[in-house]
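Each of the next two complexes has chain A plus one other chain: chain B in the first, chain C in the second.
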Partner chain A sequence: MNMVTATFFAIIIGTTLGILFGFILCYGNKYVKFPFRLYVDFIRGIPILVTIFSIYYILGFLLSRVGINLTNLQSGIIALSALSTAQVAEITRGALQSIPKGQIEAGKTIGLSFDKIFVFILFPQAIAQIIPPWINTATEMTKGSTLLSLIGVPELLLTAHQLVATNTRALLYYMFIGLIFFLVNTLIQRFGKFLEKKASF
Partner chain B sequence: MVYYFSFRVIQNNIGDMLNGLGLGLFIAVISLFFGIILGLIAAFAAVSSNRALNNIATWYTAFFRNTPLLVLIFIVYFGLPSVGIMMGRNVSFIFTLSFYAGAYMTEVFRAGLQAIPKGIIEAGQAIGLSRFNIRRYIQLPIMFRYVLPSMSNYLISLFKDTSLAASITVPELTYFARKLNVETFRVFEAWLTAAFLYVVTCYLIAYLLRKLERKLRIE
Partner chain C sequence: MTDLLLKINNLKKWYGTNKVFEDVCLEVRPKEVVSIIGSSGSGKTTLLRCIILLEEFQGGSIILDGKEIGYHIVNGKRKRHSEKVISSQRILTGMVFQSFNLFPHLTALKNVVLGLIKVKHMDKSEAEKIGIKLLERVGLGEKIHSYPSKLSGGQQQRVAIARAIAMNPKIMLFDEVTSALDPELIGEVLNVIKQLAEDGTTMLIVTHEMRFAYEVSDKVVFMDAGRIADVGTPQEIFIEKKLPRLKEFLSTFNV
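== the complex of A and B ==
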């Protein structure tokens, strides 16, 4: 069950923050963009496993000095959220930049303020572009949740691993787990195609 | 809050970490090589007119892309010995990663093959080339130009996936970082060095591959 919780929270937090970051990356000025750019490039440049371990150990160390003790699950969710934020930020930035400038100018001609322009004109068009790569990110988050088993979060893969240690039918257990993940991810992909159809009239 | 940052620790272990980095690069390149072979076969199977081949290729791609890499690694390394197929750590990881890479390469090659205009293939048939020769002299060179950017992107991604080898104790960079962390409790030095090495290597690979692309783009 923990797999679902971790993935769910990571996707939700990641998407929300990611869209915000992407917006800043696309429209911010040089000084505001810089820390976000650094963050996104750094997280996307290191392997997921290294991110998970780093956040688990470094954040755990820092926070334990202050007195807050993070559970394994919480560190895992923070790590996965950080990763998905970076990815969604890139996706959003790409989508927003690909909308022709004429749209913004048309909005200004009508007399809309920038936030109204964003909500009514830019965002709906960006959504259609964001959805396919976002489904990809959702799939990667599900696959990433298996990595949390390496920091001891009691999730699907770790449970299978423990069962294998008490049994001789290793292959069967792992293939069964593999099948479950395969089905879950296939469902996510189908859902994504459904969203795509709805988003493009 | 006091933390004594110590460079000594990094100095003592940098040799091991660089060895691990080299092994990771090596594994990535070899897996990409086998993955390209598998991907080519599967891509031609996916666009062929044979229904059965189409289905096999599609299932292969879907299975290896939707299943987490860690699960695949465990299946191959822990599961296969119970049916008699035994491989060492490094070999089993390269085996798994090759199939994984092959699934992604199939998608890339399939898109490349479908982007070739039909007219060129018909011209080849008009000259009288056999189907195999058409593939070899017409489709492959054109497709190669198309897929090079995606492939270079994918090599970087594959290199980052090699860090999962640490979970079956292949002596890779992540494995040494974790070992350093657990032995000396110096969290910052261990993980920041590892992260720094990964980022620098990824940037280097990206830079070199971009130069290669630019060179090959001039016809």
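== the complex of A and C ==
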């Protein structure tokens, strides 16, 4: 269940913040962009394991100084969300930038303000391009959630390890775990395909 | 003076240190059709883009329907209006682009009604009634629910024309609207523009279709190297062609 919780929140938070970050990366001026660019490149540039440990030890320590104690699962969710935010930001920026400039100009000539151009013209076109790589990110999150065992979140793989330790049917347990991941990711992909169809034109 | 719909005074446009045009003056009366011809790089397209405020310009003024657009004077300094004011001034003008620029995620009808609903705040059924009528007028009554990707270039451009006239602009700007079309599709688009001209639409047309310009225009403007080199009736520009530079330019076309 922890795996599902962690993945679910990582996807929701990552999608929301990622789209916002991607918007800023595409349309912000260079001073506004800079910290976001730095964040995205940094998080994408380091292994997810390092992010998980950094959040767990460094952020966990800092927050405990001000009286906030993160549970292991919360640290894990923050780490996965940090990565999915960066991924979705980059995906969104790319999608928005690939829309021809003529689209904005055509919107302007019929009197639309920039926010309306974004909502009715740019975003609907971008979303069609965002969805396929977004599914990738989502499935990466389910797989990334297994690493949370390393900071003591009792997720599937850790549970399997423990079962294997008291049992001899190692292959069977691992195959079962594999099957669960496969099912969850298939579900995500199906859902993504459904969204893709809805967003296509 | 009041019978002028558009008056451009000494318009000046620079890109950095690069001069696009200077001292451009132009007058358009209501229901007049004015064509702008000239070799590429002479500033024709940029002039249209200035009129619909997609470009900033560094000097001169544009008076549309008796009101200066784009800039105003604040404390003795020339300042561009806020985007909000610019948007409201833009809809006085309609523009059709060389590359259509239809919204690919919307059907032909939705392309046409978007501005009516989101800018003019019309309700949907009323807007769609207008949209359908306009699409019928450009000969696309059968295609109202088609997406742009399912339409030919000529059909897409006609949707773009319908989208622009839906906003009921005072003046229509056509920017080389047939340049991206296959030769066999040019006629259908030009016919729509001709029809609009006959219905009394005021238009400013940048074109390389000399025969069309000759037939449809009340006035023809020849731009050369960033200034207006000659203005006259189609007869004066295409038949008499007194200016040597104009003669040279026209000799590259079969007119």
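A few comments on the model shown:
Assume the second predicted complex is superposed on the first by the 201 of 201 C-alpha atoms of A that agree within 3 Å, B and C clash if a C-alpha of one lies under 4 Å from a C-alpha of the other, contacts with A are read in each partner's own complex, and residues count from 1 in each chain.
Keep in mind that, in the parts below, a residue touches a chain if its C-beta (ideal position, glycine included) is under 8 Å from a C-beta of that chain, and two chains touch if they have at least 3 such contacts.
Computed from a predicted structure; not experimentally measured.
For the composite obtained by superposing both complexes on chain A, the positions of chain B and chain C are free of clash and fit together.
Contacts of A:Lys198 after superposition: neither chain B nor chain C is touched.
In the overlay built on the shared chain, the residue A:Ala128 is in contact with chain C alone; chain B does not reach it. Of the two partner chains, chain C is the only one touched by A:Gln103; chain B is not. Legend: residue contacts after superposition of the two complexes on their common chain; A:Leu49 is shown touching chain B, with no touch to chain C.
In the superposition on chain A, A:Arg190 contacts neither chain B nor chain C. In the overlay built on the shared chain, the residue A:Ile58 is in contact with chain B alone; chain C does not reach it.
One of chain B and chain C touches more residues of chain A, and that partner is B. The minimum CA-CA separation between chain B and chain C in the overlaid arrangement is 24 Å, rounded to the whole angstrom.
Chain A has no residue lying at the interface with chain B in one structure and with chain C in the other. On the side of chain C, the complex with chain A involves touching residues 52, 54, 83-84, 87-88, 90-91, 93-95, 97, 99, 101-106, 114-115, 118-119, 147, 149, 160, 163-164, 166-167. Chain A meets chain C in the complex at residues 100, 102-103, 105-114, 116, 120-121, 124-125, 128, 201. Across the complex, chain A meets chain B through its residues 41-42, 45-50, 53-54, 57-58, 61, 65-66, 139, 142-144, 146-147, 149-150, 157, 161, 164, 168-175, 177-178, 181-182, 185-186, 189. Across the interface of their complex, chain A is touched by residues 1, 62-63, 66-72, 74-75, 78-83, 160-164, 166-167, 174, 177-178, 181, 187-188, 190-192, 194-195, 198-199, 202-203 of chain B.
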